[in-house]
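Right, one structure below, let's go through it.
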Amino acid sequence: MKIELHDIAARHPAARSRSAAALRALSLTVEPGEQVAVIGPSGAGKTTLLQVMGCALPTSSGRLVLDGREPWAMPRAALQALRGRLFLAPQVPPLPPRQRVVTAVLAARLPALGLWRSLRSLFYPDDIPAAHAALDRFDLADKLFDRVDRLSGGERQRVGLARALLAPAQLWLVDEPLSALDPSRAQQAIATLCDEARGRGVTLVATLHQVDVALARFPRIVGLRDGAVAFDLSAAQVTREHLARLYAQHEHELAGAPVATPEETPAPQPVVMHCR
Amino acid sequence: MNPATALPPPARDPAWPGRLGWLIFGLVLLWPLLQATEFRPWTLFEPDSLKVSGRFIASFWPPAHDGEFLALVARESWRTVAIATAGITLALLLAIPLTLASTRVLSISALSGRMARGPFWLRQALRWLLIALRSVPELVWALVFVRVVGLGPTAGVLAIALTYGGMLGKVYAEILESGDAQATEALMRNGSGRLQAFFYGLLPQNAAELTSYTVYRWECAIRSSVVLGFVGAGGLGQQMDNSMKMFAGGEVLTMLAVFMLLVALADHVSSALRRALG
Amino acid sequence: MDRRDAANPPYRLPPPLFDARCKACWFTAGIIVLVVASFVSLDLQWAQFFSAEALRSMGRFLGEFFPPDTQPEFLRRVAWAAWETLAMSALGTLLAAVAGLVLALPASRSHAGARALWRTPTRLLLNALRSVPELVWAALLLIAAGLGPMAGTLALAVHTAGVLGRLFAEAIENAPAGPADALRAQGVGPLRVMAYATLPQVLPQLLSYTLYRWENNIRAAAVLGVVGAGGLGQLLAFHMGLFHMGKTATILAGMLVLVAIVDAASYGARRLLAR
């Protein structure tokens, strides 16, 4: 899928209207089948960029064009169909805790399944071999029928990535795919992701904090700082100076310090009050 | 990553047999339940039944709104509130001594370690008394009291007093025990009596929560007193029972509407009070 | 300035007990007035109730409860009525859970920013169902369904559907949004988002509420029979009307045992689910 961003400005849905926009006058073009790594300090707007590309966040100004069409100008049904052709993987893997891994992974295929088949798959998983194959690529095949909350954080993150292999998508937008993985697992995971994307001709845009991995695996690097593009170069052209300028005042992140993942606050319980 | 994994994909979902078993078990349990409750919803739509219910539902509109009836409804609504208030007041008179006597926090023997045997069993016995009072539904108490004191609000007030006395007592004891007992313990260690320790230590600490729960229970008592009216304890419930027996749907609708307004009003008052306290 | 100055400064006197400007004082005064007015207006016949004659007759009346009737024939009747009551409460709660879930879907906002046009009307409906006590529903449904446990089952189902519908809707609204957002980002429709993302997260909570409500409903079912809805209540009203106090005592004991059994079963089931 081809992505074109023309002078995009966007702000978080929860942000106050007068606060600084998360993305400012950003322009970017990604050709079909390209693999792009987006790097930058925290707060640069990387997640917001992925959300804008994935039609999950409307822009406050500028034009977004996907495959030659503007998503926000389309009728709802067409927009839903377009969304079915992309896959947005958030940083916290979106897995319901008590669901089994097989169901959580097969849920990525929902845009391609009809209503009856989807509902039936809840009770008896529709395509166990496909789920098994996808998990096997991330070395998790033996966890197929386990419950999600019995997995470790790293395993859950890999399950979140395995979902991409089953989604009927031509665009993968992956947010921090390696944050909870140790270095060897991280290498395996990113290698799998890039190989599969290349094999299927899928456009891959990933935000990464591990700059060395980004430089090693991705042909094109986009540096983001304060909501604007700092540089947009091929991996070979990125110098230490570029990185130093990008991560100015955030050097610890360049050195590989772990970035805090957003914690989900537990929801308040409804009060059960009845007269007995 | 295993490029040539030796494990073939599993053929079947291992959880399926278990799920199927539970489903069948559930259905097997369901059949006798349907039998025992004579659950035949299609009989609701038989012509005879439809005629009766149709006529009854038709009689609901218009709701009765003549002045005399509305005055009656207003009087009976006040009586309902009065029964609830009087009942809760008596329940308080019952619950407070029982709570004080049964709460572990006011135990002097417990100050030196374990509670002594005698006081422990006394407290247990009082707890069981509170549980027994709670367990009997207020409707049953009302039935008994209607036989003893006759029809009218007295039976309702007494029924609410006994049942709610048990409920209030139990929750008061829990509230007192869940708070921080340091201040009370300190007072008792220094020689103050139990009641003094209660008034100077426990009560100020927990007054807001106790009052909040009592106000909430008052709101429940209003609903209860309407229900008790159906067995002759007076108030809005008894009027509703009369009107239903006479198939006067319009009167029933008016009274239901007034009841819902009353409950909503009590709910507002109750939440406002609880917010002011909390 | 609320302080009153004593005659010998710098000491200050405590604030007056009733201050016209203090809201809590007015509240307390209002409550006292309400309580006094209640007792006065009800005209409770205390003298009649507490006279020696009345106390003696009450003592005699209570004495008739003992010994409770334990003939095997009657015990079998009580056991059957208890089974009927249990079935009423179980089936009523089950129907209410299904109806409550169906009603909770329009009554909840699926995600922040969804329009949810049906939310307010459905919530009003659920409130209306909840507000009417089970006994009143039973009295109303008896006219349509006739005497017997079906009216009681339907009454419990209707009232509890209002309660559970509201609790389910709140649980659905409070569910963590991560999985649902991810599926919505893929363009999946709201029904499948609910089935794959929201319901798996809230299902244990929904089951817990349902079991908790069953404990309440067994008590309600036991007394619904008083208006003719079958079970122990109907047996109780029948024998009390005939002044068979020994049999009444047995039925009451049966009620207590039944309530205890259901409480234990519900508690155990909830512990099992929370594993």
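Just so it is clear, A, B and C label the chains in written order, and each chain counts residues from 1 on its own.
Methods note: a contact is a pair of C-beta atoms (placed from the backbone, for glycine too) under 8 Å apart; a residue touches a chain by one contact, two chains touch by 3 or more.
For clarity, every value in this text was computed on a predicted model and none was experimentally measured.
Peer 1: Which chain wins if you rank chains by how close their C-alpha centre is to the centre of all protein C-alpha atoms?
Peer 2: Going by the distance between chain centres and the overall C-alpha centre, it is C.
Peer 1: Average the CA atoms of each chain to get its centre, and name the chain whose centre is farthest from that of chain C.
Peer 2: The most remote chain is A.
Peer 1: Could you quickly compare A-C and B-C and let me know which has more C-beta contacts?
Peer 2: Pair with the higher count of C-beta contacts: B-C.
Peer 1: From the C-alpha centre of chain A to that of chain B, how far is it in Å?
Peer 2: Centre-to-centre distance between chain A and chain B: 50 Å.
Peer 1: In whole angstrom, how far does the Cα centroid of chain A sit from the Cα centroid of chain C?
Peer 2: Going by mean C-alpha positions, chain A sits 47 Å from chain C.
Peer 1: How many angstrom lie between the CA centroids of chain B and chain C, rounded to a whole number?
Peer 2: Inter-chain centre distance comes to 6 Å.
Peer 1: Going by the contact rule already set, what residues in chain C reach two or more other chains?
Peer 2: Answer for chain C, listing residues that touch two or more other chains: 219.
Peer 1: Quick check: what residues of chain B touch more than one other chain, meaning two or more?
Peer 2: If we look for residues of chain B contacting two or more partner chains, we find 223.
Peer 1: Find every residue in chain A that makes contact with two or more other chains and list them.
Peer 2: Where chain A meets two or more other chains at a single residue, that happens at 276.
Peer 1: Show me the residue ranges of chain C that touch chain A in the complex, using the header's touch definition.
Peer 2: Listed in rising order, the residues of chain C that touch chain A are 113, 163, 167, 170-171, 174-176, 178-179, 181-183, 185-189, 191-192, 195-197, 200-201, 203-205, 209, 212-213, 216, 219-220.
Peer 1: Any idea which chain A residues touch chain B in the complex?
Peer 2: 100, 102, 123-125, 128-129, 132-133, 136-139, 141-142, 144-145, 188, 191-192, 273, 275-276
Peer 1: Once bound in the complex, which stretches of chain A touch chain C?
Peer 2: 13, 54-56, 79-84, 86-90, 92, 94-99, 103-104, 107-108, 110-111, 115, 118-119, 122, 167, 169, 264, 267-270, 272, 274, 276
Peer 1: State the interface residues of chain B toward chain C in the complex, per the touch definition above.
Peer 2: On the chain B side, the touching residues are 30, 32-34, 36-41, 43-44, 49, 52-53, 56, 78-79, 81-83, 85-86, 89, 135-137, 139-140, 143-144, 147-149, 152-154, 157, 223, 226-227, 230-231, 237, 240-241, 244, 247, 252, 256, 259-260, 263-264, 273, 276.
Peer 1: Show me the residue ranges of chain C that touch chain B in the complex, using the header's touch definition.
Peer 2: 23-24, 27, 34-35, 37-39, 41-45, 48-49, 54, 57-58, 61, 83-84, 86-88, 90-91, 94, 128, 131-133, 135-136, 139-140, 143-146, 148-150, 152-154, 219, 222-223, 226-227, 230, 233, 236-237, 240, 243, 252, 255-256, 259
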